[in-house]
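Each chain carries a letter (A, B, C and D) given by its place in the written order, and its residues are counted from 1.
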Amino acid sequence: MKQAAIIGGTGYGALELIRLLQNHPYVNVTKLISRSEEGVEVQDRYPHIRAVFKETFSGLSKEELTDIDIVFIAAPAGVANSLLPQLDDGTKQFIDLSGDLRIDEPGVYEKWYGLDAPQETIQKEAVYGLTEWKKDSVRSGRIISNPGCFATAALLGLLPLLPDYAEENGIIIDGKTGVSGAGRKQSLMTHFSETNENVTAYKTGAHQHTPEIEQYLTEAGNNPVTTMFQTHLIPMTRGIMNTMYVNVKKKTDFQALYETYYADSSFVRIQPAGVMPVTKQVLGSNFCDIGLSFDERTGRLLIVSVIDNLGKGASGQAVQNMNVMNGWEETEALWSVPQYP
Amino acid sequence: MKQAAIIGGTGYGALELIRLLQNHPYVNVTKLISRSEEGVEVQDRYPHIRAVFKETFSGLSKEELTDIDIVFIAAPAGVANSLLPQLDDGTKQFIDLSGDLRIDEPGVYEKWYGLDAPQETIQKEAVYGLTEWKKDSVRSGRIISNPGCFATAALLGLLPLLPDYAEENGIIIDGKTGVSGAGRKQSLMTHFSETNENVTAYKTGAHQHTPEIEQYLTEAGNNPVTTMFQTHLIPMTRGIMNTMYVNVKKKTDFQALYETYYADSSFVRIQPAGVMPVTKQVLGSNFCDIGLSFDERTGRLLIVSVIDNLGKGASGQAVQNMNVMNGWEETEALWSVPQYP
Amino acid sequence: MKQAAIIGGTGYGALELIRLLQNHPYVNVTKLISRSEEGVEVQDRYPHIRAVFKETFSGLSKEELTDIDIVFIAAPAGVANSLLPQLDDGTKQFIDLSGDLRIDEPGVYEKWYGLDAPQETIQKEAVYGLTEWKKDSVRSGRIISNPGCFATAALLGLLPLLPDYAEENGIIIDGKTGVSGAGRKQSLMTHFSETNENVTAYKTGAHQHTPEIEQYLTEAGNNPVTTMFQTHLIPMTRGIMNTMYVNVKKKTDFQALYETYYADSSFVRIQPAGVMPVTKQVLGSNFCDIGLSFDERTGRLLIVSVIDNLGKGASGQAVQNMNVMNGWEETEALWSVPQYP
Amino acid sequence: MKQAAIIGGTGYGALELIRLLQNHPYVNVTKLISRSEEGVEVQDRYPHIRAVFKETFSGLSKEELTDIDIVFIAAPAGVANSLLPQLDDGTKQFIDLSGDLRIDEPGVYEKWYGLDAPQETIQKEAVYGLTEWKKDSVRSGRIISNPGCFATAALLGLLPLLPDYAEENGIIIDGKTGVSGAGRKQSLMTHFSETNENVTAYKTGAHQHTPEIEQYLTEAGNNPVTTMFQTHLIPMTRGIMNTMYVNVKKKTDFQALYETYYADSSFVRIQPAGVMPVTKQVLGSNFCDIGLSFDERTGRLLIVSVIDNLGKGASGQAVQNMNVMNGWEETEALWSVPQYP
């Protein structure tokens, strides 16, 4: 049995990790780390967890991690960058759920995140954990940079089109997310009375997943890709839908292309031709469901991809990466029917 | 044309006052007062108001109020108590939407509010503005203590039963409120991800409207009344429903009793016998709708009353009181069809 | 005082018309027509309206309309086409809220609506009531074809770009709507448990507002325009947001372009540069709020437009058209602060 | 491995059974029975289930059940009554999720359900499956009558008080439920635009769980118990909260009483003293969480109990009963962290 610790223990990502790992046959979560809550019983802060998870919050230090094999960092941007150089002893596995290690160019990271770039050796060692695409690298990786929620839905929906089918500057991504994506932090954007019965277009031209999406599409296409990416806040708790409009270079049987591309991917479910997925059909799961429709009138391909932002968009994918890194079944602790309705 | 000022200009109560007064034939809102936002254009903070309301936020001082006839105080508990002694020149009309002036006993106020009690002379002068019940006092009043939202729905639903029909210690009030009742302040209880898809029982045994309800039921019944009052937070923005269970002293035709009691009250709509109202049927309005059902099996009367917490539960009733104080039609600026759906 | 009748009296469009017209100084709604509910008191079906609107539902016949000056048809597609030839005596004003009269080509109507096209003379006489764009025609019109909800938000957001700035085949419209747009009819798509906590992309390649948007953009641009238009169902009751991505032919100061274009339009509020509107800021009102942002990275213009689908998207615009047709102030009964929050 | 069939395969109860049983170590769901959908692939109707559950809907006949060991009936009231006499061969296990077998007196069933009472021998054989209370009977039972959702939350919250502490006619239950409790059937009460931003008090004096609650409280107390029970529809999908107000016969340490009563019950979590549970903390789980507060002012005990109506309120409890009947761990397939947020 391996021992896991979670840093950032009061956030939704950590809670979802605990939920998913609770029944994992090879891993125990033995440390939930939160400097502000050290010593408090977790179930006193999070009553949903009572009787199932009986740990108290731990503080943060290298010693706390002595017997730990796997460390999940589920903290805001910037935390992994400052902690990893202190905590990494070269043997533990680290899975960082933030954006800290996803961007290759320090200047790009600094521009979009407004923070100091990570230490170069760590960023270089980190493997981008979009599991379906990078499985071999993940398998041999030790530090995983877990993808962003919007980026996961975007890349899984677009990768089969590169380099052959998508125009490099012809990709528009209209993203819609539930409020839990903004975390547990309090702000007007997470205030019920402001967000309920409302749709908000936010971070216009400034969403930090933009360079992440472009960097990896560029890698896949071997050509610079630029996307237009606009995110929207929707009055629901969980779920992301990306509606993507793509100018195609040449037509093909897109349905067959996607089905083939993902034939061995347990968690990507291509919908029947012309059927679009809804966010609710992946609630609480690690699935990414994708629907396709070629629009003859305008010559564009429509792709709709949906995930649970806390599942495949964060903690689910982190567990998937952990499974692959450790040679376990990729679906371990993740193969479940989404909650419906 | 009278001039009105609103203190507490960034809250939902102030915004609703502006909405309601916008088309009032005899009043202009010329000052929206917020110390933190002084000098900012209101429409830059509140884009819904753009083009309609073009003032900038004012600061707070006695001079700012020189030309003002009517002052609404739409601020948290404690503010009116500290401001009124400074601002009152003995001629202006004040309508306080907080609980500061509602409680006669200083000790009771201090216990339930955890704040210093108001200056006695001001509290004594203040008229409790449950308009339907205290219309004559309101008409001759100058300082109005506007009732609490839950208290409004409770008292309108219970007053016809006192002193003759309700057992003084046989009243249970189960209250349900939308989130806007908690104001614009950010907390876990107003956080979308925590409140959506959730029902919360809160302030058990401690809701500050309890002594308000009991004081005025006692006044109406000429006998001490004790109630059990439990409030619940519901995942919606606006609306209050009180479900009330009353042990009756003697039976009567309750439907006729209520219809007669409210025969001259424009804003109280007694539902047809046995039909219970829903909160949505009063959305955005000043109505209080009441349904009744006597339960033969248990000998209790069920009363369901609904209001919009920002309408009849706050700003709507404040405008109604202003109308009555000034000799205008009680329904001025308030007679509208609720927004549906 | 003019007399108005509403056909389709049980739907949300009719209810919103009653709400808006309740305080109109020059019009009374004296007939609410519903064949299925003839003789029933409206307030027994719609308790929100109790005490304010006291009519009973009327049946449908030419005689019922004898003393009526203005007829609103707020019924599903196909109804106006079958009724107008029977009911029109050449003198009354008709405002049809359905799509029946919006499409010039009978074949196009039949393809997208799956219904028989309207009588040619009636369709030709009908004026497309996008008030801001067609005010002169509306002023002299007698039969008004009220625009679709998505089409209103799309056209108001795109018209300033034609013919000079938008590429004719470079327009993508990502629409998001609340559930009330689907009316009161019961289906899985309007079922709470299916729609709550969910986002659904629907009518892919098949939304009937597509030909409406294209026909009028083509008219404005004097060149065939094709758009890609995908609609999404959002878990809220009211509100539409169109997020629009436009390839520009040439750059200009778009902010100034729009502000000038709508300088005389009371109900179109151009947001400050770079600020995007939210649906909640127009709730219950006749406003269309528009935000703009030019994306230097991709050379596309982003336009976000929001309306209340039952306000400017349906009944509000119908009242606006009625006001213009009758020489009244365009804002009569419509100039109000949106309900917030 | 035992084989299970589910009758009523298109409803939410059946879907939740599939979700819960998917990872059960000793049971396979091999038949999902729906006469209307016979032959259709389940994943084509319910895309959330794609790739995980690959059966097609079966028709209904005795032969279809030949190799089945356990039959869940997840259908509306009346179905079990008509099917059980045909399908029962005296060897299979049946778990009926409807109210058909819960009421002992035929006349009481007929009055509250408006249907013919069940065959007497079957009703007598059926064991009421409130697992915590009737574990021994369930263990030796073959036909289980699974409790109602509201009844489950009410009885678990009240049983410790009988016969010693609760006045037999002093119990008031104010129930709040999410919309999924009404099933997938379409009606105005499940219509999003009618139910969102709304609270509805429904079935006043007529909820069919009333006689169920009273019958079993009477059994527990050895004295006739009458309750006043009012249900409310809340704008959320899942979750039930019962707020219960009880006149006490004599005081005791209620916190200790409940903790002792449920000391061996894995799924009942008594909250810390004075802390009330919220519905979200049991989402998707089989927990029933209970909070207690004695109100010194009125001498009444407040009990708040929460469940997931599709979990402990239906399918979760059905699985729990199946586990107990078959001698498996009671928590098999049910021991999980609730989904949060």
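Please note the rule applied: contacts are C-beta pairs under 8 Å (C-beta built on N, C-alpha and C of every residue); 3 or more make two chains touch, one makes a residue touch a chain.
Small disclaimer: the values here were computed from a predicted structure and weren't measured.
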Greatest centre-to-centre gap (Cα means) from chain B is with chain A
Counting C-beta pairs in contact, which comes out ahead: A-B or B-C? B-C
Distance from chain B to chain A - Cα centre to Cα centre, in angstrom: 45
So the centre of each chain is just the mean of its C-alpha atoms; given that, what is the distance between chain B and chain D in Å? 39
Measure off the straight-line distance from the CA centroid of chain B to the CA centroid of chain C, and report it in whole Å. 36
Multi-chain contacts in chain C, i.e. residues touching at least two other chains, fall at 12, 178, 180, 193-194, 196-197, 235-238, 278, 280, 283, 341
Under the definition above, what is the set of chain A residues touching chain C in their complex? 169, 172, 174, 176, 178, 193-194, 196-202, 204-205, 226-228, 230, 232, 234-239, 241, 243, 245, 274, 276, 278-280, 283, 291, 293, 295, 297-298, 300, 302, 304, 306, 341
In the complex, chain B residues that touch chain C: 12, 15, 18-19, 22-23, 44, 46-53, 180, 196-197, 237-238, 266, 269, 271-272, 275, 277-278, 280-285, 287, 289, 335-341
List the residues on chain B that touch chain A in their complex, please. 12, 178-180, 182, 184, 186-188, 190-197, 235-237
